[in-house]
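To start, the structure itself, in structure tokens.
For reference, chains read A, B, C and D in written order, and residue numbers begin at 1 within each chain.
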Amino acid sequence: MTPIAFDTSHLLAGGLVLVSFAMIYQNRLQALLRTFALHAVVLSAAVAWQAFTQSAEQLYLTAAIALVFKAIIIPAALRRIVQRLGIHREVEQVVGTGLTMLAGMGLVALSIVVMLDVTAKAGAFAREDLAFALSVVLLGLLMMVTRRNAVSQVVGFMSLENGLILAAAGARGMPLVVEISVAFSILIAFIVIGIFLFRIRERFDTVDLHALDSFRGERR
Amino acid sequence: MIDVAAGAALFCLLLSALAVARRGRASLSATLYTLTILPCLAQAAAGLAILGGAAGGQMVLPIGLPWLGAHLRLDALSAFFLVIIGTGGAAISLFAVGYGRHEEEPGRVLPFYPAFLGAMTLVVLADDAFTFLVAWEVMSLLSWALVMAHHRRDEVRSAGYLYLLMAALGTMALIVAFGLLAGADGSFAFSEIRAASRPVGVTALAAGLVLIGAGSKAGIAPLHLWLPEAHPAAPSHVSALMSGVMTKVAVYAVLRVVFDLLGPLPWWASPALILLGAGTAVLGIFNAAMADDMKKILAYSTIENIGVIFAALGLAQAFLAEGMRAAAALALSAALFHAFNHMAFKSLLFMGAGAVLTATGRRDLDGLGGLIRRMPVTAFLTLVAVTAISALPPLNGFASEWMVFQSLLASPRLPHLGLEMVIPAAGGLLALAAALAAAAFVRFYGVAFLGRARSDAAARALEVDRAMLAGMGVLAALCVLVGLVPALVLDRLSPVVTALTGTHLPVQGDQPWLTLVPVAAARSTYNPLLVFAFIAVTASLAAWGAVRMGSRVVRRGPAWDCGYPEPSVTTQYGAGSLAQPLRRVLGPVLLQSREEVEMPAPGDMAPARHRVVQGDPIRDTLYLPVVRAVLWAATLIDRLQFLTIRRYLAMVMATLVSLLLVLSLWG
Amino acid sequence: MNNLAVDLVLAVPALAAGGLALLPGYRLTAALNVLASLVTFAAAVALVLLPRPAPGNYLMVDDLNVVFVVLNCFVGLTAALFSAGYIGHEIETGRLTPVYVRFYHAMYQLMMFGMNLALVSNNIGLMWVAIELATLTTVLMVGIYRTHEALEAAWKYFILGSVGIALALFGTILVYVTAQPVVGEGMPSMVWTRLIAAAPGFDPAPLNLAFVFLLLGYGTKVGLVPLHAWLPDAHAEGPTPISAVLSGLLLNVALYAVLRFKMLMAAQPAALAPGPLMIGLGLLSVIFAGLMLYRRRDMKRFFAYSSIEHMGIITFAFGIGGPLANFAGLLHMAMHSLTKSAIFFGVGHVAQIKGTQRFDRIGGLTQSHPVIGWGLALGILAIAGMPPFGVFLSEFLVVTSSFARAPALALILAFGLLLAFGALLMRLNTLAFGEPVGPQDPVRAAPVALYLHMALVLLAGIALPGPMVHWFQTVARALG
Amino acid sequence: MIAAFAIQGIQMLLVLALAPGLVGLVRKVKARAMRRRGASVLQPYRDLRRLMRKEVVLADTASWLFTATPFLVFAATWVAASLVPTFATGLQFSWTADLIAIVALLGSGRFFLALAGMDVGTSFGGLGASREVMFASMAEPAMLLTVFALSLVAGSTQLSTVVEVLHGPPGVGLRVSLGMALVALIIVAIVENGRIPADNPATHLELTMVHEAMVLEYSGRHLAMIELAGAMKLLLYVSLIACLFVPWGIARAGDGPGALVIGVATYLAKIAVGGVALALFEASIAKMRVFRVPDYLGIALMLGLLGTLLLFVSGTL
């Protein structure tokens, strides 16, 4: 792998982590959705660059799927849901943004340490790529944990999946079946989420999980 | 012979299947119990034959642990316990032919009863750990099902709960013990365990675990708490089987594993066993002397007798550890003999209680009385059992208790100070237990059968039917016969004792007049036959002489009662008042009992009250804290059921991050 | 890899799913559902009898999965049988509409397809997809009643399951990355048989990391504490046949996936021993679930926690390792599957009779409904580890073999078992005994499936079939 | 052989004949010590004869057990008493029962007496029975521990052997354990025989009575049997203490008639001394409350235990 290729993928993967941080920083839903779109765009670019450097044409497809579905369709759909439900207010965060960012830093550090440690024998690129991917996954998880709002949790989950795709794309020659299945499952996942949000809206006035949680099978 | 015994067990299981298939038929009960007598007799006969010198044998069935199969083996030890199970089972089944007719829930008793007997047989036949444990736990399970027969009563359900929980604890201890003995590659066959050599610590630990496992079934304190609840809760013939026979199977487990498989324990293990046994005996019998429920008294008394047996087993271990084989043989013979005797009189007593229950519908002492006139045969048979269990000569209970004392007296040659301190104390405790037993059974018999009837039900009681009386009669005859010629029984024990200690008592049957000479004639002898003859002759002579030389006039009249006869039956001493002196003396120590007097102020019309408050130190200090801790912890972590999804996700994340941290630090 | 039986095991449920989605009428679809399950089961039996094909890039049959495919299809069949009666009652009471039932049957077959695919796949990517598929279909079925609680349970299941599956995917990718330098780029690096053959040459460090992700990812599906949160609610709020299938099959399938990777770890001696991790999670699950049982008021949630406990026992057994413990773990998987689904069948009948799942409104079943009551009591006693049922055999082996290797841990396990036993017995006491509580209408459907399962568990406890022993022993050795 | 049988027979008749005399002696001495004249020493014999001739008044509620008990108690006590060496050891039937069995035989008597006390269904009967078994459950262990101590010294529980060993030669010398056993045995004997301070054999119509409350319903020949058995029990204990702790003069198996005569003479002297000592002791002490008796017996229990323990630990055996 040429230095240029390496640096570019490095840059893109790092950019994805940066956008993840930006998502954690956002405390308004609309802005969050926009940032997520950016996240998907960066992912798409990263995957496309991988397709180019590995000369794996099938990855372009993955990049395209990421661009179309995650950068355009999903944010749009979510935006509609948000508008329909009238959730324009700020996203309730459990802990302050600063603290969350700090935790995010820690997670990134952890993932780098773990990955570099573990993949000492693998190629430099695979190491970095996996480290960044793991960071994105963990940041996505962090977002799910620190947000009270269902939409932003879904977004967090999506960004988590983006990290997975980044990892999969970075793995040299990983068979197409995986990409397709990933895309496929995200599609299904999204549909199901849509159905669920739809149903939940039927029954509840809000998508806030907090309201949902008060209905516990066992509470009297 | 093994095929006879295994066949008997199988036959029992088939009978249970029959009971399920023909459930609901009115004739089932009598038929089933009658049929159950057959395998019992068969296995008693097989056991006797082996004790008489016939060959045992073994077999391997293609069931159980897949790579091992179910090993069965019949040796002298198994044979002895087969005799116990068979004899007890036969007499109790005979009793049940009549008793079963009064059962309110036959559908919950009949299917389990024969299988319970079969499971006990399998326990003593099993020759590998897995088969043993399966039979053991099936035995627990079936007896639990029988205990739950009258499940609509709350106290029955809670008794059943406690019982099965303790049984599970015991089985778990046994499983762990066998895990320890079998090793990592799973040598579960008894022959392999017996052949293996292991460090002393492992031996002692395994013995301790077996003691927990078998002791919880036998009712060794402090694992006895379930016994006085569960044994009485079952239908009476089942109570008889549980108390009289199943506790012996637990004794068998200790003998098989600790004596046979493990070999001699280190000497320091035996004082604990001796003290545990003796302490259990006192605790059990004191509770019996305080209880108000006929069957509960009997259950507590079972705890006492088990304590005596375990104390004797502990003595045997102490002797074995020092290589004093003859003394060990004496102690072991005493334990086995007492086990057999306890089977006889305890089953008989439970049957007596069952007969009373049938006739009056009550088992609380304060609702009974005067039954000796309404139910003369039952009263007489019960009197035999009461005399036997109170260790009075010339019946069998005394013979075995006497042997236990003799083995205690053989002990001063033991070289360890610890043992020397413990054995006299144990002797004192056992003597106390024996004396308390007499007190408890005076109260038991006196309140239930003597005096005036305390309830209408007792006043109208009618003698029970012949099958029940026959079942009781068999065991009463056994108590008397064994009591009169213990020498013959002890000779039958010698193959068992030889197998476990390497030697046996001197042959008793050759002694003149069938005298019992456990060690030497100069040391101690006892001849119940002569004692009985002397008493019979002198009593008859005295009676004859008194009538002959004195007056023979008898006049009936109202009771004298020191000039203050009071017609009300409540003036006679009842269960509570009879217990009072002993409770005052020992109650504050053993039961935390105290008497509270509530005296209203002068002018206040409220009645004064006198109450007895008593607790159970073992329950309060050992069991309740565990229960409380579990419930507290359950309540504490129950909050985790009601978290938000976000928090659950946080849990997942925390797990992931901490594992990654571990990995990075480690790697 | 061309074997009619394997194809049928996959094709029948897939085709049936399509067909059932199109057909109207719940009677017809229920019957077809049973029929399809029957054919699948027949195919699974044929799989055992026919010579095994060589493993291909996607599918394979070996000693490990052959048992679980048969088990899967068998429980699938009995659950379908049970479901036919159950759904009829739900339609009569109006809890479900025919449209939903059509959807339900289609999803049922799709789920069976997913699980069978996961079991016979020889490709770690395909296995991941299959498990994801099975999860998604069960999510939909859990939410099928559309009550607040059901939706919430489904939502929780979905979110937690998705996160789990994402972690599993990450682990899968890591395995690929590890294997790629040795096995080569592309498909071969995802084929399990190839992976295991080449495993000794793998770099152990990333393999360790991959296993952490896989264990947590699939462990979420298994319901290991603290990843278990979806499980009790999903069991409690979905239709009972689905609870039976979830507990009996899906947990097994997820555990099966973990086992596959554990075999991979065992094949590379330099890799981190997965034992401590599995032991830790297993013990935590046993103790936690044991304690949680005490405060449960809902019958199905109660047994769901019991499933967590048993998954913990199994994970513990595999964590201990060695031929005996592994054998016990495999056996316990099979026994738990049969017993727990039987219990859920019983619970389903009871809940329909009584119109509630709450313990305090149900009582005295052996009195009012002897057949179902005793069946349920047998099931509870069996799951509590009472002989002569098969669960006792496996628990016996787990405890004895682990005591020889790690006495302290075995004692904790024993404590956990007793803890759970106490809770199970406590509920059994009120459920089956005492004065009957609640409506006493007769049971409509005969509990054939329940007794069939119990008979099998009893048989296994008394005499385990020889071939099964042989297969399990082979696998137990490979599990290390 | 015939001589042995004869000696055994003489022994049996001797205890039967002497027992009321000992009671009479105690009463007489006690009365004298209290500055009363007191009835003749032979009065108990007359009482017995009178009771035998009287009709029996049975309570309506009495069962067969009630009528059988006096004879059983009498027989058990007599058998026990005839096994205790009085003037000679090595009696023909001494191997029938050892010390433990003798204790148990007495226990049988008490057991049936307590049952009989409850048979009629009166308050006094139950009162007596409940207290009697309470005393017994403390006294019996104390007695057994004493037996243990003795038999550990002698290496036997066979009473004849024990006496021969204690008598010597070579004898066992002075031992603190034996001293403790003696005290314990005396305490037990006092309680077992219902003597002051545990019980008062001369009282009726008192809530403090124990033994008498049990036998309150008996009359005529039944009462005679019980009285006789009671007297024999007293004699038994005195003989037991005498033969164990002052064995001098006792004849051995196979000794000639001379030794036997000496034996009988010393025996008579011993029981006379014992009777007088008992009377003086009773005259000089007050009866204690019922619930003090267990404490009193507790002393015996402790002494018995201590004596046994010392023997175990000393290791000189």
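The rule is simple: a residue touches a chain if its C-beta (ideal position, glycine included) is under 8 Å from a C-beta of that chain, and two chains touch if they have at least 3 such contacts.
Everything numeric here is computed off the predicted structure, so don't read it as measured data.
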> Can you list every chain in contact with both chain C and chain D?
Replying inline: B
>> Using the contact definition given at the top, which chains are in touch with both chain B and chain C?
In response: A
>> So, comparing C-alpha centroids, which chain is the farthest one from chain D?
In response: A
> B-D versus A-C: which has more C-beta pairs touching?
Replying inline: B-D
>> As a quick test, compute the distance in whole Å between the mean CA positions of chain A and chain D.
In response: 99
> Using the average of all C-alpha atoms in each chain as its centre, how far is it in Å between chain A and chain C?
Replying inline: 31
> Between chain B and chain D, what is the separation of their C-alpha centroids in Å?
Replying inline: 35
> Quick one: chain A and chain B, Cα centre-to-centre, how many Å?
Replying inline: 68
>> Two-or-more-chain contact residues of chain B, please, as numbers and ranges.
In response: 641, 643, 645, 649, 652, 656, 660, 663, 667
> Hey, what residues on chain A touch two or more of the other chains?
Replying inline: 114, 117-118, 141, 144, 153, 212-213, 216, 218
> Of all the residues in chain D, which ones touch at least 2 other chains?
Replying inline: none
> Which of the chains touch, listed as pairs?
Replying inline: A-B, A-C, B-C, B-D
>> Under the definition above, what is the set of chain B residues touching chain D in their complex?
In response: 369-370, 372-373, 376, 383, 387, 390-393, 398, 402, 405-406, 408-409, 411-413, 417, 420-421, 423-425, 427-428, 431-432, 434-436, 438-439, 442-443, 445-447, 450-452, 515, 521-527, 530-531, 534-540, 542-543, 546-547, 549-551, 553-563, 565-566, 569, 571-574, 577-582, 584-585
> Where on chain D does chain B make contact in their complex?
Replying inline: 51-61, 63-65, 71-72, 74-76, 78-79, 93, 95-98, 100-101, 104-105, 107-108, 110-111, 114-115, 117-127, 129-131, 133-134, 136-141, 144-145, 148, 151-152, 155-158, 161, 204-205, 216-217, 219-221, 224-225, 290-291, 294, 301, 304-305, 308-309, 311-313, 315, 317
>> Taking the touch rule as given, give the residues of chain B at its contact with chain C in the complex, in rising order.
In response: 62-67, 107-108, 129-130, 133-134, 137-138, 141, 148, 151-152, 154, 157-158, 160-161, 164-165, 168-169, 172, 175-176, 178-180, 182-186, 188, 630-631, 633-635, 637-638, 640-641, 643, 645, 648-649, 651-652, 654-656, 659-660, 663, 666-667
>> Could you list, by residue number, the parts of chain A that touch chain C in their complex?
In response: 114-115, 117-122, 126, 130, 133-134, 137, 141, 144, 153, 157, 160-161, 163-164, 167-168, 171-175, 177-178, 181-182, 184-185, 188-189, 192-193, 196, 199-200, 203, 212-213, 215-218
>> Which stretch or stretches of chain B touch chain A in the complex?
In response: 641-646, 649-650, 652-653, 656-657, 660-661, 663-664, 667
